[in-house]
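Both complexes shown next keep chain A, but they swap its partner, so chain B is in the first and chain C is in the second.
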Partner chain A sequence: MASATSPSNFQKTRARLANYSEVVVLISFILLFIIFSLTADNFLSLLSLTNIVTLAAIKGIFVIGVAMLMISGEFDLSVGSTLAVGAYVFAILMEHGFVLGGTQILPPGLAFLALILALIVSALLGLINGLIVVRSGIPSFIATLGTMLAFRGIARAMGNSELAKTSGNADVVRFTGEAPPLFNVLNGDLNFINDLGTPAGGARMAIIWFVIVVVVAVIVMRFTRYGSWVYATGGNRMAALAQGVRTNRVLIWNFVITGALAGLAGVVQFASRPAIDPARGEGWELIAVAACVIGGIWLQGGYGTIIGAAIGMLLLQMVEQGLILAGVDIQLFQATIGLILIVAVISNTWLSRT
Partner chain B sequence: MKLNKKITLMIGLLVLAFAAVACEPQIVEVEKEVQVTVEVEKIVEVEKEVEVEKIVEVEKEVEVEVEKIVEVEKIVEVAVPVIVDDPNRTLDIIAVQHAECAWDSFWCTVQAGIQQGAQDNNVNVTILAPDSFDVDKTASLIEQAVAAQPDAIMLTVTDATVFKEPIQAALDLGIPVVAYNAGSGPIEDGIGYLTYLGQDEYAGGYLGGQRMAANGGSKGVCVNHVPGHTGVAKRCAGFEQAMTEAGIAYEELAINDDPSESATILGDYYAANPDVDLWITMGPNGAVPFYAFMNNEGLTKDDIVHGTFDNSPEITANIENGTTMFGIDQQPFLQGYGGVTSLALAARYGILPAGPVTATGPGFITADSLGDPAGADAPMKIIAVQHAECAWDAFWCVVQNGATTAAERMDIDLQILAPDSFDVDATASLIEQAVAAQPDAIMLTVTDAVVFKDAIESALNAGIPVVAYNAGAGPVEDGIAYSTYLGQDEYAGGYQGGQRLAALGGTKGVCVNHAPGHTGVAKRCAGFEQAMTEAGLDYEELVTNDDPAESATIIGDYYNANPDADIFITMGPGSAVPFYQFMDNEGLTKDDIVHGTFDLSPEISANIASGVTQFGIDQQPFLQGYGAVQALNLMVRHGVVPALPVTPTGPGFVTVDNLTVVQALAGEFR
Partner chain C sequence: MEQVAEKIGNDLFKDEQVIVDMQNVTKRFGTVEALRGVDFQVRKGEVRALMGDNGAGKSTLIKVLTGVHTPTSGKIIFDGEEVQINAPADARALGIETCYQDLALIPLMSIWRNFFLGRELVTNIGPIKWLQRQEMAKQCQESLLDIGIHIRSAEEKVGKMSGGERQSIAIGRAIHFGAKLLILDEPTSALSVKETNKVLDYIRAAKERGLPVIFITHNVNHIYQVSDSYTIIRQGQSVGTYMKGELTQQDIADLITGAREK
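Entry: the complex of A and B
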């Protein structure tokens, strides 16, 4: 680590750090971790730490999709709504099967098929996003703002439809049967971790899924041609096109991946809390954007990493748990996140101004 | 420069989007809907049986009282207390009891409860008692207490006949009165005091029986050493009910006051009925012979399951060594403490106890609960997790005010957590994160028992006491072993409302239901039907819908086809407003029909004021917050547990007598 005694050294250090977009979020994370460790009772307990990782992991699954999309220069504000639709598909198939016009086409409880169909439907919603953005050329911020509302409407309609058998009542679909083994695979307790402390920890399989998604995404983004295309598409689309990158195809794929990951997150969540309501995932699109921005991803694309976004999500969840443990009123959570967001963006901008 | 502009724009848009999400008007509606299904999904076959069986049971007891209802109705009307000018000032309460700590050590616990309740509620209490058991002297003390014109009076109704006049004198002055430890409730005693705080004997036998039957059994026996005693008969009836529900045979065995003879009776009975494996005794006088019988027969805790009412050194020793599963405590501390609290709430805010009897027991003493409580001065932290909050739902301001008021008075550190919009999943996450803080206790809304189950169980597994408030169905229906749920008793609301309306006379009662399929509303109608049946009136349920104009027509058509329908109860503004429209359409006045309703709204208040509507039934949200904090305070610091799975905060009846009080305190306390 170079010291900052002379301006030139200082400049060099800054320039070197600029190559690592995660540096701001990593430093923030460590600083906040230390602060909470000192100020918040029980912060270093197994339950608190596993809570942070588990709760961050579920949202983290689709944050990774949003991160890839943002690196390619686009937004997806519809992830929360996509998640709800995916979870509804899964929930309805699990509880009621598929009934069309009074005939039972699929029996309830086909867990694996329900999972696949939920992922396919969410991926299709992502495809719709991609096609709208690519074909119409309108900014993805606007396009997915529209689909955010539209998909939310689909989720509400599904919850209130004959498929969900909830007519005349609330739109909540619950899984009331015996949980199939797939639920444990998706989001069961990780007891080998939880039993290490008292009170028991809250680690769940979501962590494993999150890690898998992160690892795969990191490999794709760093070591594959597709990863380079994503960066090129976000960095300078004209130049990328000139070099033969099929940027539209990259964008559509990124939207599809984001949709599928949102669906996966919805299903993983449903596996541990087996009820879905039409408001599920509202506001999560902004949490995803916040995690990515705090994680060092540029809003205009081309810069940032998956690891940064993942740390960003962990940081957000750590702030919530930390503030609760510090006895702070929950209302301050949003204010704190807002502050961190702005400081992080200013720091990132300053670092990259070479 | 260009970059910064873009970022500013984006952040601006984010803020706007946040605002848009936060302001979405749909949310409140969704909340209602979600609560609806929570209850709907919960109708289990077994539950239905429970309800029905209970009704029959209640019916037996109340049959005698049907004729009394008219009289009781008048008394209840008089008994709406006057509230004090400044809710924050120290109140003066006089407690009159037939015995005291100085010469009966049982009363030391009651008085400790009174003193603690006084300290926790900012109240001065003067305790009056004769220097030996003397009913007449006690009655005189009540008269003298009334002469002092305190803010409220609590007393033991040792003799309802002798005490009736002195108590009535207090009620006539608008002084709120509750009974504790001795009494049968305003209806059975025929005196219009607010409530009686004592053990729910039926619930004691029933809940005890459920505990004993949890691991199966072939035959349960209620060992009764005082046959003919009404309270003890209720205990056996509750136990029998639990046995029946569990599919276990039942028999009652009468013994007597002679311990050795009773042990022999038990031995002979066991020789003739070797299949008996569940035994419940009615107190030390049944338990001590029972232990002798076990010794005689060489029985151990592996052969039988034993539970008992009350406590004694022998019983405690046998709970410790595992022979006895539990002792049922009437919790005298809570009788004193709860008496002060209910009076303070009545005198300050006009908040009235939900039922004629407020259960202080059964409090189950088990091997797990024999440890020492934290003590009155122990620092205490509670985290409250609720699905909505005052900042974006005004209803919750009253609940939160109740919780924070209690926390301040009881010197408790209270942290309230809620999502920033209705979000069941976020609420569940908040519960999980609250557990990580390892507070002394957690209070929460069970908005969705399925989604919250894991999170609440993680709190219970961590040894943190949990109570639910405002949203939930109680530990049994929710299938989660938290301590109690503080909310409205819907059945009691319909039942008590029906009694009030039937007292005004009529031929046919109609429950106007705009939310068919809603479990809570179904309970309201069932309670109302029960009251109609007991009063010898016809009953019918009329289903309307969410459309006010259409509903008014439905009611009109029904009325034209059934002109004998003259008593109507509506389930809230959703059916009350169409009902008023129907009255308008048909040109009906308050002289033609009798109307009562659940909930309050500006229309309902106006019609209560004009005499068209007899009452609006309030769930008393302030009490939900206040009561939850108090219940946890009692559990953690004093080892006093909630008696029932559901602790009713309503029905609180708002009538023409207390409408102005309620309206004046609306938004803060009501």
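Entry: the complex of A and C
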């Protein structure tokens, strides 16, 4: 029996666990994994598991950017739209090159240049977000809600423009040429994994990119000054500012990084399914926020980890796949995610209460 | 009485003895005159209490000194030189460390990260500034121990510490980085008696190391324990500066509320 005066073992354990913001998402992940393993046919197959990881990895690339932003106390609801713009830039440059006023400025098929330009454009969209938030002082939730709509409009306009040479019902830009080697680097099959079973798995290079982004982000957040400043900016911005932390610079960089990662995710996705439509990435901004919050990042910032957000994204993708395989109506997916989100936030709050 | 004190301030202690000299400082917010020509002088090595009722202007005065507000008019001489303090960063560059209540620390971050925040020891490799984590944790622990603050681990989160311990981090930090003036804004207002005594000890420790302290407080008791002198502000003006023991506690209370004129 616990006495009233000294903390019980239970409370001590809780206090110890509270040092690790990933606890809730990790336990939830394991529990859900076990449940789906027992209830969903073929859930444990190589194809199913590699599909989960590959699909989670594509979104996970920008989830990491959103996670850094949320730790610094800000949101980016425009990632889905940024992803679409980035993918359109890449797709148009690959298929048509760059034509301005009837002159072919860039020939089609310059894969590497297309990649760089797509990343630059999406990073610039991130910069716009950052400048709006820092200069105007309005909440990033509102600012990026605005740019979410604006960037989506840009994506639609690009799909409809001279540049895209779309006709008829189009807006869809397809890459019809022969896939350059860069496509394999971006999102080719990982055959050393896929050949491990029959039917073959669906592991793709996106997983490698995701792992690289996670590892770099973890190192930056733990071992560099920038990481410390990100936590400080979200933890208590006035105090950070008073101690000489350049919080505005941190925020702008975080928005730029998030924009660039959204662009990268768009290009990676395009490399395996070379067609882009104006609705690409719609709703993903909320998936990203959900992944971060389930992963233990506080909405008000200052607390949480990259690893938590990464596990959060894997968990969401696993639930989607698991529900499909378990034969549950996919319409219930969002309801389930909503429920998990609420339970996770309550658990995280309970755990960190001191 | 005021004249006597000011004479002491102006004549006996020449510039090299004075760390900060604010002369005829005014601050207007629209039509509100928050400061109406305040003279405020702090000598090196002393603990000065700054007292006044809510809205008397003591916070505004300190915010002018720390760069949060720019004065409407007046002159600030810091360490013998006239200075313009337009931003908190300017104040900090001069060596003015401020510890606002709950505004100086990041509760969710570890002690050492807080201690070195904005002044991290880093190894530059290319454009990346790698934190010297162990070195900072070590220096932080040693530096706090030096003024009598024992912490279990510098990795612990500041949010888990008591109010007094948190103040100690901010005070220890000011001493470690060689501040020339430490400003504490109501450091004891939310603390238990025991915790308050600890904080008063840390203020003494700062003074022993020659660090002048401006100590904003409501509590007449506390100034009797650690302050060498006190300045009373009322309605945007300085009522006067007095040496410790010059007035009774009742006198001070009367001067703060204006129940008695100077």
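To be clear about the criterion, the second predicted complex is superposed on the first by the 344 of 354 C-alpha atoms of A that agree within 3 Å, B and C clash if a C-alpha of one lies under 4 Å from a C-alpha of the other, contacts with A are read in each partner's own complex, and residues count from 1 in each chain.
Keep this in mind: contacts are C-beta pairs under 8 Å (C-beta built on N, C-alpha and C of every residue); 3 or more make two chains touch, one makes a residue touch a chain.
Everything quoted here is computed from the prediction, not taken from an experiment.
Participant: Could you tell me if A:176 is touching chain B, chain C, both of them or neither one (first, second, both, neither)?
Facilitator: So A:176 only meets chain B here.
Participant: Per the contact definition in the header, classify A:245: touching chain B only (first), chain C only (second), both, or neither.
Facilitator: Once the two structures are laid over each other on A, A:245 reaches chain C alone.
Participant: Between chain B and chain C, whom does A:350 touch in the aligned arrangement: first, second, both, or neither?
Facilitator: Once the two structures are laid over each other on A, A:350 reaches no partner at all.
Participant: Could you look at A:275 and tell me whether it touches chain B, chain C, both or neither (first, second, both, neither)?
Facilitator: first
Participant: When both complexes are superposed, which of chain B and chain C contacts more residues belonging to chain A?
Facilitator: The partner with more contacted residues on chain A is B.
Participant: Let me check the overlay on chain A: which residues of chain A are in contact with chain B and also with chain C?
Facilitator: Correct list for chain A: none, the interfaces share no residue.
Participant: Which of the residues in chain C come into contact with chain A in the complex?
Facilitator: 88-89, 92, 98, 100, 103-109, 113, 117-120, 122, 128-131, 133, 157, 159-160
Participant: Within the complex, which stretch of chain A touches chain B?
Facilitator: Residue list for chain A touching chain B: 41-42, 45, 47-48, 51, 55, 77, 141, 145, 166, 168-172, 174-176, 198-200, 202, 269, 272-275, 277-280, 282-283, 286, 289-290, 299-300, 320-321, 324-325, 327, 329-331, 334, 341-342, 345, 349.
Participant: Okay, in this complex, where on chain B does chain A touch?
Facilitator: 3-4, 6-7, 10-11, 13-14, 17-18, 21, 24, 26-27, 30, 33-37, 40-41, 381, 383, 391, 413, 415-418, 420-425, 428-430, 432-438, 448, 450-451, 454, 458, 461-463, 517
Participant: So in the complex, the part of chain A that touches chain C is made up of which residues?
Facilitator: Against chain C, the touching part of chain A is residues 19, 223-226, 228, 231-232, 235-236, 238-245, 302-303, 354.
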